[in-house]
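Following: one structure in structure tokens, then a few remarks.
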Amino acid sequence: MSTQIRLTGYKKKLAMVVAVAAILLFWQIAAWSLPDFLMPGVPSVMVRLWEDIQSADFRAALSGSLVRLGFGYGSALAFGVGFGLIGGVLFFFREVLKSAIIILQSIPSIAWVPLFLIMMGFGNMPIIVVIALSAFFPAALSVMNATESVLNVHVSAARVMGASRWDMLKRVYLPAVMPELITGAQLAFGNAWRALISAEMLIGFGQGLGRSLAYAGETADMMGVMANILTIAILATLIDQVILENLKRRVLRYQYV
Amino acid sequence: MSTQIRLTGYKKKLAMVVAVAAILLFWQIAAWSLPDFLMPGVPSVMVRLWEDIQSADFRAALSGSLVRLGFGYGSALAFGVGFGLIGGVLFFFREVLKSAIIILQSIPSIAWVPLFLIMMGFGNMPIIVVIALSAFFPAALSVMNATESVLNVHVSAARVMGASRWDMLKRVYLPAVMPELITGAQLAFGNAWRALISAEMLIGFGQGLGRSLAYAGETADMMGVMANILTIAILATLIDQVILENLKRRVLRYQYV
Amino acid sequence: ADKFKIGYLRVMDDAQAIAAYEGGFYKKHGLDVELVEFKSGTDLIKAIVGGQLDTGVLGFTNAASWSSKGADLKVVGGAQHGFHAIVVRDDSGIKNVADLKGHTLASQKEGSTADTVLKGVVLKEAGLKPEDLSIMGVSPQVAVQSLVGKRVDAAFLFEPQARIAQLVAPVTQIYEVGEVWPFPCMVVIASGDTVKNRKEEVWKSLDAQREAIELLTNKPEEGAKLIASYFIAEPTLKTLKHGDVPREDIIRDAIKSQTFSPKLTEQELDRMQEIADIMQAQGSLKTRDGKPFDVSQIIDLEWQEARKL
Amino acid sequence: MKLSFQNIEKEFSGLRVIENFSRDIESGELVALVGPSGCGKSTLLHMAAGLETPSAGAMLADGASIQGPHPERTLMFQENALYPWLTLAQNVALALEFQKIDKQLALKQAAEWLSKVNLKGFENYFPHQVSGGMRQRAALARAFISHPKALLLDEPFGALDALTRMTLQDALRQLIREAGPTVLLVTHDVDEALFLADRILVFSARPATVLKEFNLTQHEKTHDLSEFAGMRREILGLLGIHAEHEESTAILEEVEA
Amino acid sequence: MKLSFQNIEKEFSGLRVIENFSRDIESGELVALVGPSGCGKSTLLHMAAGLETPSAGAMLADGASIQGPHPERTLMFQENALYPWLTLAQNVALALEFQKIDKQLALKQAAEWLSKVNLKGFENYFPHQVSGGMRQRAALARAFISHPKALLLDEPFGALDALTRMTLQDALRQLIREAGPTVLLVTHDVDEALFLADRILVFSARPATVLKEFNLTQHEKTHDLSEFAGMRREILGLLGIHAEHEESTAILEEVEA
């Protein structure tokens, strides 16, 4: 048994509210100490955000970004789990993949963008690849590390019960790595999201939150910049806390009952 | 007992060599299929890299980047461990900090850069802050999560033996979270490094590897771009694999004997 | 005394700021200058507004945008006229601007001066709407590389990228906005505070830049030697048809194609107002009271009047 | 099923674990293996299960050489062999599902077996929700559900407290009596061996050789083992525990390296 | 040290665990607590250690109310109480270091105590390098090194196999005989209680009340417990294990929720 004390759902929500309040407070202090056009205050940005949300442009940017995120993140997870599980069975392959990840991971996504633009042309493709690349690393690493710690008895027990290789992967390895997989998926989501916004800021293509942010910056619209940053932060938090956390609770239900 | 089979040091090194070879192969294939102007081949970049290394500019860029990395990463670790341990003892604080991290982490570092430039002026400061910010998150998160799983018996045993609060932190909590702390430090290093390079690419200040990369890109010097990317990747791998891995082996010696 | 901080962008349009530094003209005028590079006018202007920089050489539209939001900014001198070329791939079959319809064009960042002029002047005069073609907002280097890599059919470029593109790729220039619709693209901008408190130093810097402009205009060879390494890293550039060309030659030609001028003339002031109106029409410039933006409120011509230009 | 160990030898990378072991376990017989820690008892069981192959000698089941794991020879472990992500019923049913039996049918049979081991009503509990004793009951159900002809028990109750262990010994005896498989039982608990076994093999330290063999078929079994007091004393003596008023030092604990 | 439980009651958020428990443990006496799982035995020990406070009643040590943990009342746990990052010697020395004794001196004394529990030569091994039995020997040394006046043992050998357990019972008896502390021993192993205790308290299921008390002071103790056969049968009967030829169902395992 560990000292883990699970706070109740109510306390968790309160903590989130306190965190949000603290961040907004810091922001407002910065706004007070800087001229209005460099750093607008919280209330005015809120008003602006409310207006933005009702515009068609905003919805187009939102859906554009989310579609890219979905494709990039989705394929990163699929490949990450696949390679991770293969790495769990083939030890040498695992080490090679790990080494490659350590090397490639050190290159920031904004250094990849020009290269992919030229190789893949304009369009959603380079953005999706940049997202997938940056999300692939943590997903694959976490699955690989988790396969290392699958219990021997779990494997032996399945073998004795006559499990086929495929049974083994599907019914033993996959559920055994699921907790780490979900942690990895949450890490990967953070990476994917940052890569999405960065890439959209750099590539002036299509509708997207990153592009709105860059455009607002370009036209001296700091209110727009802060409204966009706010949108980006709120959205990421919602996706992480509502969608991914709920998924986690469903998939790892056995840990919570 | 788990299925963990530790590959020998020799095999690990071989895996690294294979990984490097595979990456270089992909690169060379890209170089063959694209015009030289867009993607130079591996050998010519190697030659260029060799020349670069001997130049004073390169050494200035290197030391500039490493100094920033040191300050940013160092302070991120210090704060991360500090806040993480505090969070380990104060549950509500932990939840607040976690929530704040989830929110702030979603904003990519290139969105922070203009803001910090305005608030902190030119110089190393904004770069260091961007590095520290992006490295702080994984460091603090990993320590906090680790404190959640410190064994109850370890805490009770120390209390019964008459440990003071400070003894408790120093001799029970800190060593207990050390394995996760090191994992977190390695994650944090990846973030710090990418943030360093991105920020240097965006802020045209001082000497630095990121700036050399951006400069090479702007002057259409693809050979320089690839040489710089190579430097960045090699350096990150060296720091991670040589320095951090060795540190890990020293600090977690008990796990390896 | 404090260093005088001048921000610049690594583009030919800022050549006089770089040349004045490399040629020691600032020093000659008794000014200790630190030259700070920026990746975009957007960042540069923020540094001026935030008081981190004294002056900068950048697109006029930046000053308009920010002062419309309430920033205290002054345009204190001219720098360069907007020479932006449209180059097209030879195999695209595009002969004039109107032919761009349905093609892809690499331009600069959305909302930048170039982007404003492209949409508000170039395309409009050819009878095209921005939606008629796909416009990609990228950095000039990526634009050139995209041309080479056949990812776009055309690009809207300034120097030296327009020249480099023609040397390394099978592309032809079909349009030059400077010939058709000359406008003051780059100007010297300072914050109101600096103009008030460090007037003398601002003037010294303008004097130094004026001298640099004279050098660039009269002796482009010498100017090229000072600034070539800022734009092309290798001593020579591998070209498509002419083999290895020394970088100084390319830069010299690029300098020659530009019109630098320390002075803002009457026509130029009118053009600036025109651009501001276009921006307002495009929605990238919004005044707080919704009235038309008056450019004259950010113009400070005291220096050029004192020097009797 | 008759299990025959014929001149079995086993080495692990140079470490000699079993030396020339030959014994037949007759169909329906229950043989207990007792011996010091690390002497090779589990290794013998793994060979009978088909998870390990002997270095020399033959391992036969009903006269045929054992090629690998098969559900008719089922292994049960000391602990943790249930999958934490499956309910008790699903865990038990898995043994049938791996043999391509319809899921619904498997679950129905699993429920029946669970009620046989006194777990009616706990079908939908996850392993971590029930006590260690209940988990081992479920593991027993899983072992019996595929009607194995040979049951290989590796310290099945070693992790349970003394009281729970006794109730499970009763349950196991009941199940064996009904199903009648051949049983090989590894245990450290001499009382357990005395209570359950028809025959007891006492092993020496590594490399394992049989020190002595006890036959108990003619005895009536109850938890009150006073009848066996002499045999108990003799076995403990063989293992180095002296039932006298002095310190025992004979069993030198080994370093697990 | 005399430990007095006076009308102790204990509730955990509404769950009634102990109901009006009163007993004095005389100085130098060894009292064993036996009872079904979850009845509150550990809770009693924690109150004596000062880690828990009673909901009602008084917990006295030599007549003075217990305010918190103190090294003179030492608690020893079932397992995992050694710190994995310290060697055996450092673990044992820690008890002294927390009491501000010089590190070198502490290590020297630790080595002496390790040799008393038969671990000479293993001072510099880490816990995971030695067997479970050796770890508990080290834990014994750590418990005795600060010369406690009261020793609170919570199933100290519950995680060990039966043979190792017996050798440790011998070692423990030897140590107690030399140092003479008051001992409270929680165990599930009736034989262990019979072998070690002066007095045995048998508890009912939760809320814990004493079902019966046995006095053994007048008996000579050996591992051959045939002399106690009657008492053993009675205790097992109280706990619901019938020493007869029938299934026992009395101890219903509880759901750990």
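Which chain is which? They are A, B, C, D and E, in the order written, and residues in each are numbered from 1.
Simple rule for what comes next: a residue touches a chain if its C-beta (ideal position, glycine included) is under 8 Å from a C-beta of that chain, and two chains touch if they have at least 3 such contacts.
As the structure is a prediction and not an experimental result, all values here were calculated from the model.
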Third chains touching both chain E and chain D: none
Intersection of contact partners for chain B and chain C: A
Chain pair that, of all pairs, has the most C-beta pairs in contact: A-B
When chain A is superposed on chain B by its C-alpha atoms, the rotation angle in degrees, nearest 5: 180
Chain whose average C-alpha position is farthest from chain E's own: C
Averaged-CA centre spacing for the pair chain D and chain A, given as whole angstrom: 47
Mean-CA-position distance for chain E and chain C (Å): 83
Centre-to-centre distance between chain B and chain A (centres being mean Cα positions), rounded to whole Å: 18
Per-residue multi-chain contacts in chain A, two or more chains: 34, 38, 114, 118-119, 151, 217
For chain E, residues that touch 2 or more chains besides their own: 128-129
Chain C: positions in contact with at least two other chains: 42, 46, 49-50, 139, 141, 145, 148-149
Inter-chain touch pairs (all): A-B, A-C, A-D, B-C, B-E, D-E
Chain C to chain A touching residues, read off their complex: 40, 42, 45-46, 49-50, 62, 65-66, 68-71, 104, 107, 109-112, 134-139, 141-142, 145-146, 148-149, 151-152, 284-286
Chain A to chain D touching residues, read off their complex: 151, 153-154, 156-164, 167, 171-172, 175-176, 178, 252, 254-255, 257
Residue ranges of chain A in contact with chain B within the complex: 1-5, 7, 11-12, 14-16, 18-20, 22-23, 30, 34, 38-39, 91-92, 95-100, 102-111, 114-115, 118-119, 147-152, 155, 187, 190, 193-195, 197-198, 201, 213, 217, 229, 232-233, 235-237, 240-241
Chain D to chain A touching residues, read off their complex: 49-51, 69-71, 73-75, 77, 79-81, 83-87, 94-95, 98-99, 126, 128-129, 142, 146
Of all residues in chain C, those that touch chain B in their complex: 5, 10, 36-39, 42-43, 46-47, 49-50, 52, 139, 141, 144-145, 148-149, 164, 168, 230-234, 237-238
